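Chain nomenclature is as follows: A, B, C, D, E and F, assigned in order of appearance, with residue numbering initiated at 1 for each chain independently.
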Amino acid sequence: MRPDQRSPSDLRKVSIETGVMPYAEGSALISMGDTRVLCAASIEERVPPFMKGSGKGWVTAEYAMLPRSTLTRKERDARKGRIDGRAQEIQRLVGRSLRAAVDMALLGERMITVDCDVLQADGGTRTAAITGGYVALALAIGRLVESAVVSGNPLIREVAAVSVGLISGEVLLDLCYREDSVADTDLNCVATSDGNFIEIQGTAEGAPFTRGQLEEMLDMANAGIATLNSLQKAAIAR
Amino acid sequence: MRPDQRSPSDLRKVSIETGVMPYAEGSALISMGDTRVLCAASIEERVPPFMKGSGKGWVTAEYAMLPRSTLTRKERDARKGRIDGRAQEIQRLVGRSLRAAVDMALLGERMITVDCDVLQADGGTRTAAITGGYVALALAIGRLVESAVVSGNPLIREVAAVSVGLISGEVLLDLCYREDSVADTDLNCVATSDGNFIEIQGTAEGAPFTRGQLEEMLDMANAGIATLNSLQKAAIAR
Amino acid sequence: MRPDQRSPSDLRKVSIETGVMPYAEGSALISMGDTRVLCAASIEERVPPFMKGSGKGWVTAEYAMLPRSTLTRKERDARKGRIDGRAQEIQRLVGRSLRAAVDMALLGERMITVDCDVLQADGGTRTAAITGGYVALALAIGRLVESAVVSGNPLIREVAAVSVGLISGEVLLDLCYREDSVADTDLNCVATSDGNFIEIQGTAEGAPFTRGQLEEMLDMANAGIATLNSLQKAAIAR
Amino acid sequence: MRPDQRSPSDLRKVSIETGVMPYAEGSALISMGDTRVLCAASIEERVPPFMKGSGKGWVTAEYAMLPRSTLTRKERDARKGRIDGRAQEIQRLVGRSLRAAVDMALLGERMITVDCDVLQADGGTRTAAITGGYVALALAIGRLVESAVVSGNPLIREVAAVSVGLISGEVLLDLCYREDSVADTDLNCVATSDGNFIEIQGTAEGAPFTRGQLEEMLDMANAGIATLNSLQKAAIAR
Amino acid sequence: MRPDQRSPSDLRKVSIETGVMPYAEGSALISMGDTRVLCAASIEERVPPFMKGSGKGWVTAEYAMLPRSTLTRKERDARKGRIDGRAQEIQRLVGRSLRAAVDMALLGERMITVDCDVLQADGGTRTAAITGGYVALALAIGRLVESAVVSGNPLIREVAAVSVGLISGEVLLDLCYREDSVADTDLNCVATSDGNFIEIQGTAEGAPFTRGQLEEMLDMANAGIATLNSLQKAAIAR
Amino acid sequence: MRPDQRSPSDLRKVSIETGVMPYAEGSALISMGDTRVLCAASIEERVPPFMKGSGKGWVTAEYAMLPRSTLTRKERDARKGRIDGRAQEIQRLVGRSLRAAVDMALLGERMITVDCDVLQADGGTRTAAITGGYVALALAIGRLVESAVVSGNPLIREVAAVSVGLISGEVLLDLCYREDSVADTDLNCVATSDGNFIEIQGTAEGAPFTRGQLEEMLDMANAGIATLNSLQKAAIAR
């Protein structure tokens, strides 16, 4: 039995609240169970140096945890003078995933930064950041479309993410921290609403996983992502 | 007329919600108008090196702004590899102010860190951080008292803070950003419920301020702090 | 036709030379086509703070590129004062992959650091680092076994890695840089000699990839890894 | 009785020597008792990025302590790779205070940096830095006026600073370190020659201070500042 | 007797292999006994800010040790966030020495960076870096001459370097690490093929050295440099 | 003719004032013409980690320039977050030179740090730092001897330093900045009172220097050092 009585293929309780960062061009607070991530999309009329003059835009993400998002206090990166390796890895993943949703030529030479700040961390913060970050991004792009700053809609694809895990041979959807910490395999899956993949990252923490187990995990992830996609649409529509 | 139709001696609409960071020993989300600061108090069974063996505890604070708490996006300190000067100055002020509320011998050799993360910045974030941070601190200390980890109540004093400003010769309480940016003088006042001062910081942005103007500002600050004190008490009692 | 006339399922020319860093406990220079990575395994009789007293060992990896391993010169991380995000992500992947090969209880409280320094970068440096790093690691552990410092062989699993890509709908094994830069999907696969997975990371650079394409890529990766495994064994045996 | 036999309202022995840094556009070595601060004002024909094109100038300050200005050696900030929080707070205060003395439009698009390096620290280094820094600044601006680089005199106000403290209920002017370390309240006051305030910072180290005590401290500070002002004038005139 | 049976005036076995970093404009792997340094010269069509508009070029060097070039593993500078003092001192020496070989006006406004990465360190890495770095530099400049990018040959002088030491009163050429660690005096000598000096650095590790000993060391160094010069020429000619 | 009418073998006007940093165990302000360096020796009852348990002491030096010690303002290292390469090179030289004056076994497990802060830089700051730093060091050690903390006098050798240069073929002693900036060769010489060498560093800025020129420069340096030695003795004796 899972700690919160879910069945293996159940997501945790998901809510997506929009407009929570009023100064941002788009924002969303996503909760998946006790995991809460605040996502804010900022549009700037500039691109990174390597994109200048390309006529194309850029989407990037930053990820950080509030010091007390965790059970015991975690020191701030700013105090250590550098972003820790795990946060760098996650923000690169979030950035790549969200870029897949956008046509950079239609976006034009502007940059959208999606800040994902974890308020509470109970497992699955990186996938929550992608799912919530997409909503913030979509709202920000919506503003560009409404104000006719762009000639067509740069948002070309719906993107959501979920984790799947393998515990004692059983495949479980959307692990909470207690599950995550004992899982043999952890698979993060970023996909579109039609079931195609943008990124998959599967890691064996203990014994390697078999091809069969991988197939089972991917099936369950795709089902979870379909549900998340409809919740994203509803949140954006509100 | 003030931008939000307040009279000169009115505080903005204040709300203090507790328990918002469930993993923290004490937490509070304070809103003063559109300024919102998330405060979390963490107790750790250690003290900084310079306090080791003293038998006394320590209280410290950290202050940061989410990148999109401001009208235009602000780069993260972690990315620049250092905490900016203004944030350092503010977190030192918050720490000093909250230490005044605590008897360090009664606290014993443990450390309380109060993290103040600005979700939205519309002026007065440092005073809101002190007022909200006090609530988080009081709740965390309450836990120590309840569980009888400490022999007496280390919380010895109520502390709140407010800003006052001088615009075109008029004294105004609790400036919002639009007011703050044109104020001739800005005074931040940290005081106890009985009207004594823990810290005052007054800065002339343009012309110097007179002794008479200072007196007027202090009067108004004391009144505002009395109101904030009763709101703190109500929040802690809930 | 591929730039070097290979068929889609061909690896590049692979060579693994051992003993190239005479001071290291184990070392290997792996070449996969024009990609060359120098791998050195160092044994130290200490563990990171979080492992102290656990009775278990630790394996970690560091990854860096020589400034002129690339077509145009790349600034050193030391000069910038921080390790870049991509290098951090890669060294975390290499570390996780190599830890899967080792029984930490049998290793005992000692640490093995595998340094992977890229001499020449023509695509696939992270998978080459894992495949070559495994050889360096195995040689270092072999010394521990020979000198009976450990009570049993901590090396429990053979690990190798390869990349697979999707270009214009065709699946290709072991991409060189020219192929990698135009690939629609890039999949890095770390697996054991019996075909089970330690880590898979698949990223759509353009259009998302389908489940069918993923299956095809995994088949081809497994075949490549089997070949690499026999080359690793031969190198270690020499 | 005070450690050096002064009466409560006495300043320490003050001396201000000018021209001590011959390469600087203006310089002063200020001694207040055993506290000695070397102040050098540098004019540069550029402004910070946020002032470019404004037609206005900028005045800023930097504050540092020589490693052996203190009783026990203090590590250099450069070695730690960052400016410590206290130094940041002080140099921001010095900068704000000196900017109050200057009409930035008359200064034109140029920057004056006032470096305050503490040779010996026996309490009151920040107020000495302001009082001495003003002399260095005035001399540098005098050069601009003499050489007719500016169309009018940008120096519009005389600025000096002093500390006042409260020990066992008694108000004392210009605390030395031995007094400062036991003071219940420490008030730093920056004011003009006509008794108006540029900045006041009062901090209760122990019990909060009353409104009455604050009034008494401000009176004494104003008297001290008047004396310092005449010493500044004499030094500049020499 | 020396550890490797050499006579006092013998160099270790020297080899210089060119073209080892195929992407670099010039490269050389120099071995002096067990010391091995990989040198790569990179030409960039830019100069540092302080040279802009001068019409002249610039030559600079960077020096680093692979973590396992030493008997026990050495932490990477990038991990510490700064280049260590010894490496800075060495790369400044290598840069100055190589600049002496080049006419900057003939080079024109372009920069050559010579990266010296130590693969194995058995004493004398800085002198090996100069001798090998010169070969890489000469090859890179050779390309500029061949392609007629420059109007005349900017290479105006042959430069090589060697160490000499004093052990128990005896002068020894080209110390290996075992000798270096017990030497009373260590002299690094950079000279041209005709015996004139570009840089000499002599350091007494224990007792000061006499003028007579210095003369003897310089004689032996000059002889060693003549041999190295002919090996450099042969390598470049190949 | 030299800018200040000296003959080629004249030192600039030298003065050494002691006791200028009253909190330091030893201190000296050395002036050589317009070059002024403040030297402070601090004794601490600890040694660096690599010396712990050795029974021996350690001497180290730090070197920095005040921002306005130079003709145009130089940014502080602390602001850049790292010590610049030149300063590192110099402080390593000063440290090595001063260590030659001390018997580390007699010093015992304690550390002396000699801080050399340049107040005014007109050429020859590194040699002035050594000559003045020796005086500060000798005074600090004198205190240890007087208070019988050490069993014998750890000061075993007198150390001073001077620069010599070659301009248009003429050898000149103790270059000022105007001379230094046009010198063909710059030789820094650290020696004992009996004419033996602790360190020599000669650098050709333009054409290489000949053996004959080197001999001439060494002769002149030795004469200058003898004079400096007697000035050091007189200063220490005062």
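The rule is short, and it goes like this: a contact is a pair of C-beta atoms (placed from the backbone, for glycine too) under 8 Å apart; a residue touches a chain by one contact, two chains touch by 3 or more.
In this text, all values refer to a predicted model and were calculated from it rather than measured experimentally.
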**Study point:** Any chain in contact with chain B as well as chain C
**Key:** A
Exercise for review: Name the chain whose C-alpha centroid is most distant from the C-alpha centroid of chain D.
Suggested key: C
Study note, to complete from the structure: Interface repeat test, E-F vs A-B, D-F or B-D, passes over-half contact pair overlap for B-D
Review point. In whole angstrom, what separates the CA-based centres of chain A and chain E?
Key: 51
Revision key, fill the gap. The distance between the C-alpha centres of chain C and chain E, rounded to whole Å, is 33
Revision key, fill the gap. In whole angstrom, the CA-centroid distance of chain C from chain D equals 59
**Study point:** Of all residues in chain D, the ones touching two or more other chains
**Key:** 81-83
Review point. Should the pattern of chain-chain touching be classed as line, ring, star, complete or other?
Key: ring
**Study point:** Going from chain C towards chain E, every chain in order around the ring
**Key:** C, E, F, D, B, A
Point to revise | Of all residues in chain B, those that touch chain A in their complex | key: 21-24, 27, 34, 38, 40, 42, 44, 62, 64, 66-73, 76-79, 81-83, 113, 115, 117, 119-120
Check your understanding: Once bound in the complex, which stretches of chain A touch chain C?
Key -> 82-83, 85-86, 88-89, 91-92, 96, 100, 157, 191-192, 195-204, 207-211, 214, 218
